[in-house]
Each structure stands twice: as C-alpha cells, then as structure tokens.
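Here is the structure we will look at, set down as structure tokens.
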C-alpha cells in the first residue's frame, strides 16, 4: 500500500543537499508530489519540505535521511493525520466561531480537544458544536495561580497546538516556555504596531488609513514571536474606533485561520524569530 | 462668466450648519457640484468641502459664509489653479521620478518650482525635465548650518507645498515649524512601524509578510504627523531586504503621488494629528 | 423621548436640494448625526442619506420632506430596528456559517427567520443555532415546480431580505421579480468574469493571479445585478483549482457579510444597474 | 573565474528528475543559489529554475543536462546580461514613463533599443531620456500596411522583448506570430473582464467596486494570452470613469513593470495559456 509523507528538513546549508536528499527519494522509488527549498543566506540555513508517496516505512526513510544530511539537521517524516488542538478564548466570538465553523465543515485537518476560556460568555456557542468547554475564571487569583489551573487542565490533553483565538490575557514566560512553538496567537494589530491595550482605539487616534492583523507563534517576548500570516483592510476617517474594531475582526479571523491551516499542513518552519512558509 | 470654487469649512459643530451654509449657496444661486461633510464626534468638530459653480465673487462668498458660521471657523474659498511645489530629494529616483513623469504629462495640477537635493545624483534626471535643480551638499556642515542654506533657498520661492520625495535627512523643529502643514513626506514604512534607519532591513529581520508606506504631513514629532495615505504590498521569506526595498519603492511612489493629488485638490483637512480626506 | 431615524432620499437633482432638506431638519430642531449626498452626473440623480435624532414623528418628517423635494422623489424615514432575513443555501457552509456566527454574536442587526435549502447537508449546522431549517429538495421537479414550493414557504414569512448564501440554483425571472431589490447574492467570482459553472476551475485554467467575489442584488439578468461589494485575494500557479476555491471562500464570506451589513444599515441605494453605498 | 547562470528546465514529469538534475550540479561542484520546481499535475509537466554559480562552461552544462533529462525537455542555461527591449506606445505616458524612470535609475536589467509609437505625443518625453524615438503614424494606411512598416523597423533591431506600454492598436495574427512569447502587453482591465474599447467606462457603467490591470504575453487570441501579473485597486460610486481611469493607470504601470522585471530575470515559464512565475 502507498504511503504519503511530508518530509521537513532544517539544517545548515552545504553543497549537494538537494542532490543527496533527492537521491534517497529516488533510490526508494518515491514520487515527489511537491518540493520546496529555501536557503537563508544570512544564516546559511537550508529548509526543505517535500511531499512524497510510495511504498516505504516512514522510520526507515527518516533513518536514511539522517544518515545523509549534516548531523545538526532537524528532520521530520510526517504521515498526515488530523492534529489535535486546544482553543483558548475570552469573550469575543469571531475568531473562535470561524474555527468552529471550518472544523464542523471538515475544512480543518484537526481535531478540537476543547475550548478553554476565562469567561463563560462563549459557552453556549461552543456547546452548539458539541465541543468540551472549560471555564477557568481568573477572579481573585493572581496571574500565576490562574495559569497554574489552566496548565493543569491543558496537561490532561494530548495536543499539537494551542490556538489563542482572542485569549485576552498575557501569558507568563512559564506558560510560554512550557509549550514551545506550540502556541499560535492572533494579534489584534498589524505588527509591529500599537503594542498594548485597545489597538483599535490607538489606530483611530493615530488616524491610520489601513489596519491589519498578525498571526504569530507566541514566545516569551510579548507579541514578538515569529509571524506566520498577516493581512490588512483599508479604513477611513468616518470610522469610529468600534467600526475599525469590527472591520479588524474580519481580518483577524481570516488571518488566524490561514495561519492555522499552514501549521496543520506542516508548511511552517520557524527560524530564529522568522518563519519560512512553504 | 461662471466661477468654480472649492469651499472648505472647519469649525465647531453646531445645529443647522449644513442648513445655514447651503442657504448661502442657494441664495447666491450656486450649483453644488459635490459636497461632503464630516463631524468628528470625539472633538465636536465639523468639516465640509463643497465644490460650487455660478456667478459670484469668491471674496463675497467668503464674507457671507463667515457671517453665517461660528466665529472660530476656518473657511477657505479656493478658485482652483495649479499649486506651486518644491521637491526635495537625496539619491533615490523612484518617488521623484514618478512626480516628474506625472507633471510632464499634465496629470498633476501643480507647477514644480525646483528640486532641492543634498547630493547631485539626481541632477541629470531632473534636468531632463527642464526643472531647476539645486544641490546643497551637507558635507562639513552641521544640521543647522545645512538647513539654514536650504531655507535660504526655499525662501526665494513662493510655494504651497514642500514635497519630501525621499529626502533622507531629519529636519529640525526650526525647519518644520517654519512651514506648518506645508511639508509632505513619504515614510518608507507602514506607520506606526520600524521607526528609524533602514526600515526594510528591520522588516526583513522581523520576518513580516506585508510591508507598506505612509504619506504624511511633517510635524515636529518625527514620523508622527497626520497620515494622508497608506498602502501595502505582500512580501515573503524568499525576499532579501533589498528585494523588500524594491517592492516597497513601488508602494512609496504610488502612495506619495496619491497624497500629493489629495492636497493639490484641497481634499485634505488636518485635525489634530489626523486627517479627513474627502 | 428622542427618536433616531435614517432618512433616505433618491430624486432628480435640482438646485437647492441640500438647502431645502436641511432646512426641514433645522426647523424641526433635529441633530444630524451623519449626512452624505451624491449626485450622479450622467443621470442627474440626487442621493442623500442622513441620520437624524430629535423629538419628532417619523410620519410627519416624511410628509414634510415630501412637500419639500421634487414629486418624483423616493423618500424613506426609517427608525432602525432589526431587519428580518431569510437565508437560502445548498451544501456549502462557509457563507451561511459566517452569517450564523455573526448573528449569534449580535453583530448583525437582523433576525434570521429561517434557512431554506435544497439539500439537507446544512441542517445539523443550522439547528445548532436554533434557527428553523427547511429542506425543499428539487429531485423529480422541474425548476418552476421547485421554485413554486420555495415561494410558497417564503410567502409564509414577513421579511426584508433574502440572502443567497451559496444557493447554487439559478432563479427564474418569476422568482426574482417577485422580490425586487430584496434578494442578495454572493457570486463566486470577481464580476464581470467567468460567468457560468465552476468559476474556480475556469480561473485556474486561465492562470489568473488574483481571484475575487462579488455581492450583488439579484435581478432578472443572471449575475448582472447591481454590485454592492467586491474583494479579491492573490493566487498563484501552485494552487490547484480546489485550493483556489478554498481561498475564494474566505473572500466570499467576508464580502457577503459586508454587503449584508450595508443593506441592514440602509446604506445602499440602487440606481439603475449600480449602487451608491454610503 | 566564477560563472553564474540561470538554468530553466521545462519537460515532462518523471521520477527522479530533481535527483538527476541536482546530480549534474553536484558533480560539477556548483553552488545552488536558489532552486524552485513545480509540477503541473493536470498536464504532467515539470518546471525548474535554478540559479547556480561555479567554474563551468555554460554550453557544457547545457549538454550534460540535455543528456540527463527526457528528450522533449526545453532547457536553457542563461548567463545574465541586460536584455534588449523595444517599447511601443501611443499617447499615454504613465506606463512608458515608469519604465523610462526605472531604466534611467538602473533598476531594470535591460537596454531600451527604441520607442516606437503611432503618434508623436510622447516624443518629447522619450527624447529627454536620450532614447531613439520612432513615430510611424497609421493615417491613410490599413492595419496591414501600418504593421508592415512597424515590423520593417522592428526587424532592424536585435531584441529579446517587445513591451506594449499602452500601445492602443490591435495587432494582427501576422505580427503576433512573428514574435512568439516575445510581446508583453498591459491590459487596461482586470482580465477576464470588459474586453473591448474603454474598459474604464464599462467598469463605471457596471458600478464595480474594484478595478485592476493585467500584464500578459500577447498571443493570437486578443487579450487572452498567458497572464504574468495582475493587481487591483478599490473604486467607488463617487468616481467618474475618468477618475477610475486615473486610478487604473497607477495599477497598470506597476503591474507592467512587475511583469517586465519577471521576464527580464527569466522567472517566467509559459505553459499552454498559463504562466509559472518563480
């Protein structure tokens, strides 16, 4: 029976890498469905994503590739299956709702394990989709205490990604470092811009003519993690900041879902503070 | 003979303003070619731009409008004629060249008085268009000395606007306050973002997926003046920062020319740190 | 108690219209919250949308306005309240789901009366939102018979708009003329373009670099009704037509919801085959 | 001394192509600066563009590659040097002027052989840049006679591309087939759309909310050649068709220059009626 796999290679650049890797594919008689490479000149780093099909053992393919490329290489051979995700939200429904609809439609190659929120506002919506909803209010707790309870819950699940679908609380370094390259956030602004509270009010006060949204990995450095996707929408002086917020939400939800689709399909490499999206 | 005028009114909002102003137009038997109003709710300020035609004396119309609207009103009755502009540049030709071509084609309702640059790189290009070119090098001078020479030259001209078409020197408050609401700049970035040197390098290092440009009035607060126009262009990981710069230049020149067209047509009101663009 | 109303005026242009209309507002001591006018020069038609607040009887205001402007005028004084809408769909969930989520969130100033579909695919989704779902399959019926059943159902409801959220059947002139200016459609293409079946396949075969979507009123002339909103998204050679379709769906749903928001807020005038969107 | 070359391969897809090609590069000890491949699944066609550097003879590399890949392959090994282009125009300066400015700035890797126009309107502009200008009026000639004179002139030059920078005459099949895949046009519309005269008037009459432009290779089938680049700009009801035309020109010139940059850098493959742009 045919197997399909996504091969991801991230290593120092060297002469002959494409040759050596494609030689492995060729000798195992694999079809290359798609193939993309990129070399970051500044750092001398090589990235490759191939989708291959054929009769092979993924573990064997991985072993052969490891024997071929430089030792420092980070290689993955991934047989596609739905990834498990945990959604976190607060009160706004647009980003969460968009993911729920796509999921219900089978558009996302993902299984939603649960939704965790710090308010119960979205419970009705989530339950409409028969997805477990957990509310962990932060009232009367400090940030660490609240997060400890959230992490305790998270750690009862197996998961690939945590998606912050407008989760409006700042995460501590402890939380962020516990799930490296696993947390995806939608930033309510076009980064780098208007960092801080109520960016739409800030954008309005500044009189900008365009607003945007940014989906990124969450790192310890607030709002400064590697950017996965961005988009914008024109605005004008007639819009009050709530109008800008409304327009911005359409961008937010589309950008977050686009970024989510990229990571679910293993199309994103993180390289320092940047991403390569194939 | 028929006269056409642009009427610009900027005053505190009050009940009946549209009625009172349109009454003046009606009683003078004017045609309203176009009419736009806007009230900034936060500040209670009223803005109106009307284009009227008919048999009238502009000074009389102005006087009647002044007698009609609140005393604080800033009213202009402008009979359209080409505005006089001074262009300032450094070494890059894309923004300057775009204005020269449009001007040569009669697209800009403007007369270019001269181009002033701190290098002679662009002299050949400017002379091709039979426009006076002045080079005032900054070598061996401090910022104040250089600017004094530039201002001395500028002050020999009558002009409506100074257009910074990639003039890569920072202006002192003295310069900026000498020409209030008369200096227009193209910022090589999507404001607010990447303030400082080499924004395309910064954008590249940050791994953004979109870059942009911002045309704005220059105020004392560097890169923080009222925004007139903005636009963006998608970029990706394959682009080195020079590629981003090249892509950014296309946005820069189009955005600057768009902003210039707005101000030449008296379509822009400045309100605090924002603009209303009708 | 204060009343708020949207005043919509659509009449032949004439000198003094703004004056006469704003005089009515002034003499009734109304506040003008916003005011926009437009004259279509080609046809000499005047359009105005004002939002006014004050102590007044809407019927009286309407009568006074009618006595003021030309006899041919189409004037509406609308006290905002949620409009009633009927959604029609087939099998695809993206456009319908987007409206359901926005509705559940209170973002749409509308009451969804029901969803009518010609397949039962979307029943589960619709029922999650506690909205009546009616399936009227077309099997074994000709177009006229099927539509007769649909119209019979529609006519049991009071409604302001029928929203075709990817209803994939062609409507007969009989249906369309029964609900003039009440049917809104999302066209799976950037009009005018690729009229007919499977536009994404056509776009792919043609190798376009951008695809789009168009929301429009439905008229007798298939896909040729007045355009309310449009948007686009870049595509490339690597995308197969199903990828283009997926990308296109994001545009479709955002454009349809944008158009819906315009009509729910009485911001759209239809003028011949065009719209004025204030 | 090091040589740099662009290797373009266009052949039927087969297992092991990437391996075999990269093996040639590896055995000749070449560095791969960049590498992109694409397989068109529908047609089973393979496309690859590599930029390689090293010590090699281009003709030898070509021969080795030919011996390696399927016989049907179209292979090019191109050592970059400025391509020679002929510009054709009529009366409008925006697209032509944009190319002249970029050329003067050294941004285009091209040598402009001459500008050919059917009116003398643009002569002054072209001469400003010291570029030969030929006016071949069409008065009193039929299409074939005029084209014969144009072709006679063209054939006195060596050139790589003919760029129609708003050349407003329809070309006969004879002309088009004489220069296959060598003619690039900017279409004053977002294809497929509004084919025929005055597309901006058509767009205005249709009330579209977005207009665009399309750069494409010219084939025998009018306006239906392979698309290289497209872009769009939002418009609204307040714009008369001349305003749309003005806005459209900004898109036209940027899109044409973008397409020109792609072909000058050998980044475009033509595949049937589509392009692959690496």
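Each chain gets a letter, A, B, C and D, in the order it is written, and its residues are counted from 1.
Here is the rule we use: contacts are C-beta pairs under 8 Å (C-beta built on N, C-alpha and C of every residue); 3 or more make two chains touch, one makes a residue touch a chain.
Everything numeric in this text was worked out from a predicted model, so none of it was measured.
A rotation of 180° superposes the C-alpha trace of subunit B on that of subunit D, rounded to the nearest 5. With centres computed as the average of Cα coordinates, no chain lies farther from subunit C than D.
Taking shared numbers over all numbers used, the subunit A to subunit D interface scores over half, which places it in the same class. One simple way to say how far apart two chains are is to compare their mean CA positions; for subunit B and subunit C this gives 37 Å. Along subunit C, residues 34, 238 each make contact with two or more other chains. Taken as a graph of touching chains, this assembly is fully connected, with contact between every pair of chains.
Those residues of subunit A that touch subunit B in the complex are listed here as 38, 40-41, 190-194, 205-210, 212, 226-232, 236-238, 240, 273-277. Residues of subunit B touching subunit D in their complex: 34, 93-94, 97-98, 100-102, 104-105, 107, 124-125, 128-129, 238, 246, 250, 254, 257-258. Residues 15-16, 18-20, 22-23, 25-26, 29, 31-37, 39, 234 of subunit B touch subunit C in their complex.
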